[in-house]
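Two complexes follow with subunit A in common, the first pairing it with subunit B and the second with subunit C.
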Partner chain A sequence: MARIRLEQLRHTYRAKPAGDDDWALKRLDLAWEQGTASALLGPSGCGKTTLLNLISGLLRPTEGVVRFGERDVTALPPDARNIAQVFQFPVVYDTMTVYDNLAFPLRNRRVAPAEVDRRVREVAELLDLGPTLRHRAAGLTADGKQKISLGRGLVRSDVAAILFDEPLTVVDPHLKWRLRSKLKELHQKLGTTMIYVTHDQTEALTFADQVVVMDQGTVVQAGTPVELFERPRHTFVGHFIGSPGMNVLPATVEGTTVRFLGHPIELRPAPARPPPAGARLELGVRPEFVRLAADGIPVRIVRVSETGRHRIVEARHEDTPIKLLVGEGDPVPAEQAFLRFDPAHTQLYVDGWSAT
Partner chain B sequence: MAFALHDVALRIAGEVHLHPTRLALAPRGFNVLLGPTLAGKTTLLRVLAGLVRPTAGAVLRDGADVTGVPVRKRRVAMVYQQFINYGHLSVFENVASPLRVAGAADAEVRRRVHRIAELLGLGPFLDRRPAELSGGQQQRVALARALVKDADLVLLDEPLANLDYKLREALRDELPRLFAGRECTVVYATTEPAEALLLGGHTATLDEGRVTQFGPSDEVYRRPVDLVTARTFSDPPINTAAVAKRGDRIELGRVASWPARGGLAALPDGPYVLGLRPHHVRIAGTAAGSGEDVVIAGKVSIAEISGSESVVHFALDGGTWVSQTHGVHRFDVGAEVRFRLEIARGLYFAPDGRRAGAEV
Partner chain C sequence: MREPGALPELQPGPPEAGQAGGRPAPSAIRSEAPPRRAPADGRTPNARAWWLVAPVVALVAFNAIVPLMTVVNYSVQETFGDNVFFFEGMKWFREVLGSSRFHQALQRQLLFTGIILLIEVPLGVAIALAMPRRGFWASVCLVLMAMPLLIPWNVVGAMWNLLALPDIGLLGRTLNGMGFDYNYTRQPLAAWATMVGMDVWHWTSLVVLLAYAGLSAIPEAYYQAARIDGASSWAVFRHIQLPKMKRVLLIAVLLRFMDSFMIYTEPVVLTGGGPGNATTLLSIDLVKIALGQFDLGPGAAMSLVYFLIILLLSWIYYTVMTRDGGQ
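Coming up: the complex of A and B.
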């Protein structure tokens, strides 16, 4: 059990990398404290799985050092790193019983039979697999198999970390919900470091205390779910996290006044300093922080979509779309309306990066 | 063009794949088939397409029986979860293939491929091979091929399931616009309740080979006919609890009771199941409630924050409940927290699962 640290890490799949684009993972430093529940979040191809495989040892970095505590493990293979892994598609031995599947990682390490039995029963209990322990894994549903896969990841008590690579992507929504809650509960019980790779923001935000958002081989922002939601450092984070994502609107700045297509917009706090000439200026405000008002920015309502909990309203000011959320049962005007932005949750972005 | 299933059923080797189903699809609109894996969504699509012949009943097209008509003689297009494209052909030829099969003239093929490619943002990629495109673009190619031939019936089998979350959101947004103004009837299978609501149109909920309800999507969502439908159409899962009606009150164990209002007043005394969706269970004191709300105390077992929302699991009266509240609210595991049940939004079900009374 230890802190995991990546120092000056960089990785490429090419023999002779030329430009920046040839690096699947651009140079980075990152650390996970012992016991954190963390997520690596980003679109396909962003480098999150590469990063996970560098931690597990499935890949050896082109440059840089991987440390577990003070120990340099960069050259060690996965089985010498003392980690457990759970993959997107369940890895289960169909001919074995559920019990033997769960016991496998322990017997492999010559754990005493009494201890194997104790751990298997404990994990089976946690995952509600108790009644099926004597069944053959082949007869189980997809649901049951993914639970075994999770159970095998969780069964060893001595691991430095458990790494999950999109473990719930191929699972139905109801089961996804149950297993995600289960994982959260297990983390609270076991306190093991868990690193969870996903492209699904809901999974990342609900599971993790610390989320690392990646894009094109770089870390764009690392923070708590609340920080990522309320203060996205980059418009990419604002867009990628949240459904729908943050509205990104054209802006101009004169002195201390920020405008959106001529309309003055109040920001709290105001931008620290005037942006450099020629920079791309944008305002970012989440649909959650836009509201209908008696005056403000005039818009046309073009579409209203139901989600059950609330409605997503798509409005247009001139040709610029702005989305907002309206609560269940609250009225939405048919055509013309005015919008206001919450000043505490509206930010100015200069060349994509937050300047507020 | 109106499509309907008239008491269609399917058994394979004695096993029921589809119970007798009567369903008239909404013409020129989205018809969502919503249900978990193995509920029968794909089977229903295959019957509609003519890929599998039902063991009973008839598939009707404008009232005419087309049950035995082979798929190639129907004007049907299908898109699967797994993007299926011809790897050795360019994107242009992939999209053009149904027109080529139909023997369309070159000029006509070019005109139609370009029009649909424009619509789906594939214009710049027509000369490339599908493998050179991203997952989202590849699925757009499959969609373009389904749309190019002006089918009467377009069947989409979880077409977004294999895409990244953000791509899924973007394409889901595009789909209703894409079909707006077209003559075709669309049937869209999904496991996700939110998708059914966002796509609008009509929804048929499926469970174990049975259509449990069909109607306008928000109608089915708000007024499910039974508990199975309510469960199928809730994500996060709907909270359920055993309650009892005694005289003019509803009792939740010894924890709480409230007046039996509206349609509930006329129900006979006895046991019922209360269904209350997680966003109707709020952390007390977070927003103005209504006078009918019932406040209870529960012990927190899991607390999750998704950025804009807090999801709290808690134990109450021997069961587990889930609350979904706007904003960030932190709690320690084991804490006693007060929750406000928006009981006026509650759904009540008789012991046999059918909905009892009507919510107010």
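Coming up: the complex of A and C.
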């Protein structure tokens, strides 16, 4: 299997979808290259789990084609696809030992006992489950159970992609980093394609080379973590990624000059063409790219909060709040100040979408 | 109210320590009171709390202990009327435990309970598995299933009595019309089959509803994982559904065991314990002795033996079944 490709895919849970809102997943084309570590990021109900279940075959798409390499797998049931899936709540077969849990998928496929034993021991070694092989699976901690779920996918020699559906939700915070680094390590060792669904930006950005941001059933942006951070294609991405999120400010455009409440703002590159009349115009600039200056936009400093590495400064221009980051130790004026935006990292958004 | 000896700040020690801190030394003033060790969390035990339990104790005494003790009282005495009693010791217990009449009733009782458990539990689980999980038909099924449970016992008995009558009942006539020689008022086997059928009709629903509740509590992810693991539907039943239903089935079997062991109204209305004594179960026999013959002593002794058998079997069953439940 080379790559996973979704073509003109669309899905609804309703028998007779009427409006656009009835589609849990609106029409999309996406592809994952072999061996990528990728994340699907978005708020609850954005369709990311639906997308995952379409890839694994738990759901059949209402429209469109799912391809593994060149093979059309749209109609194949999950056990006929060479994928593994780890769920939000750990699934283990309570009555079985860890060993039998790991052997279960192979025994269901009538693999010879000697081969089963070899594969199970190999995977147990990989996941550090060796010492617990003879224990009852029900007695393990949440991260141990998630490892078993993962292991049941890995034992199959043909498995080409592993799908994770918020796998760390019920894992204790102090064990989260351990399991997460285990996943990273496995990815480097095995080179298996991994697709990881989460609503937590930290999990997504630390795990994945490629992040797909979703909202309301559509893909808003797909790119590397750096791209998502520096060039958000949509104000939603700007908000959702980054802490604090991007400043989204009202804007006006006259000719090629962009203004924020009367103040001209320099953009590099400048907008390619003038926006259509009547469109909603906004400026997006991350707090990281706003700095204090001798002149520029006059603001009032409202609050300064410490985060450790830097300080988050909340300022107001008239009634519009603007956030900026100031390095630890750099002076912050008590009341009045002037702000400047970094032209290379300030973008114009037309109806929410980037126009630069 | 706190006892002075248990005040947390009480630190028996050299008085100077207390004075050095600018406070009076409590240990010096109240040295007569033996310092009682307070629990680590600073709370003090207070025996007066037992009074709060008193109402419950009184209630249980009046509705359980006192009636039970009257039965115990009867079971060790003999009376010939006029409210005159003679102490007989363990005589009635020896008589009951040694009588073949009691042995036979107990055997019938065990047979009946065994048969209905063997039918109702698998059948109940099978029906629960076949029921739709959600939607309109799930509600319809649940209502239909709950229906038999709402019908009073003697009505069930009367219904089946009429239904199975060989000459006019729907079931009896049909069976005879099909060539079976069926008459539950005269044939012990037919009487047993009708009695078992009636109980299965009345009580399988209970097992169904409990099993259904157990099945509904299984998260969807288990089924999804099983599909990805390529599990057959038998494997799903064996490794997911059955283990997850274990607890409710435990309760279902316990309830059905106790209820069927105590069953009285339905068979009495259906067969009256006949033909002969063929369907005389323990409770029916007990009523015959205690109220029919008015043998208070043997009746009381049998009641106690009956009660102890149910208690013992329930306890053994529950202990054995939950022994490895914690793991």
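Methods note: the second predicted complex is superposed on the first by the 338 of 356 C-alpha atoms of A that agree within 3 Å, B and C clash if a C-alpha of one lies under 4 Å from a C-alpha of the other, contacts with A are read in each partner's own complex, and residues count from 1 in each chain.
Just so it is clear, a residue touches a chain if its C-beta (ideal position, glycine included) is under 8 Å from a C-beta of that chain, and two chains touch if they have at least 3 such contacts.
Note that this is a predicted model, so its numbers are computed, not measured.
A.B. asks: Quick check for you: in the superposed arrangement, does A:P105 touch first (subunit B), second (subunit C), both or neither?
C.D. replies: In the superposition, A:P105 contacts subunit C only.
A.B. asks: Applying the document's definition of touch, where does A:W353 land relative to subunit B and subunit C: first, second, both, or neither?
C.D. replies: The answer is neither, since A:W353 touches no partner chain.
A.B. asks: Thinking of the overlay built on chain A, is A:R136 touched by subunit B (first), by subunit C (second), by both, or by neither?
C.D. replies: After superposition on chain A, A:R136 lies in contact with subunit C alone.
A.B. asks: Name the chain, either subunit B or subunit C, that contacts more residues of subunit A.
C.D. replies: B
A.B. asks: Give one of first, second, both or neither to describe whether A:Y13 is in contact with subunit B, with subunit C, with both, or with none.
C.D. replies: neither
A.B. asks: Between subunit B and subunit C, which residues of subunit A are contacted by each of them?
C.D. replies: None.
A.B. asks: Okay, in this complex, where on subunit C does subunit A touch?
C.D. replies: Touch residues, subunit C against subunit A: 219, 221-222, 224-225, 227-232, 235, 239-240, 243-244, 327.
A.B. asks: Could you pull out which subunit A residues touch subunit C in their complex?
C.D. replies: So the residues of subunit A touching subunit C come out as 53, 56, 58, 77-79, 83-85, 87-89, 91, 93-96, 104-105, 108-109, 136, 138-139, 149, 152-153.
A.B. asks: How about subunit A: which of its residues touch subunit B in the complex?
C.D. replies: Residue list for subunit A touching subunit B: 43-45, 142, 172-174, 177-178, 181, 184-185, 188, 199-202, 205-207, 225-226, 228-230, 239-245, 286, 288, 305-309, 312, 328.
A.B. asks: Show which residues of subunit B lie in contact with subunit A when the two form their complex.
C.D. replies: Residues in contact with subunit A: 36-37, 134-135, 164-167, 169, 191-194, 197-198, 200, 217-218, 221, 231, 235-237, 277, 279, 301-302, 304-308, 311, 313, 324, 328, 333.
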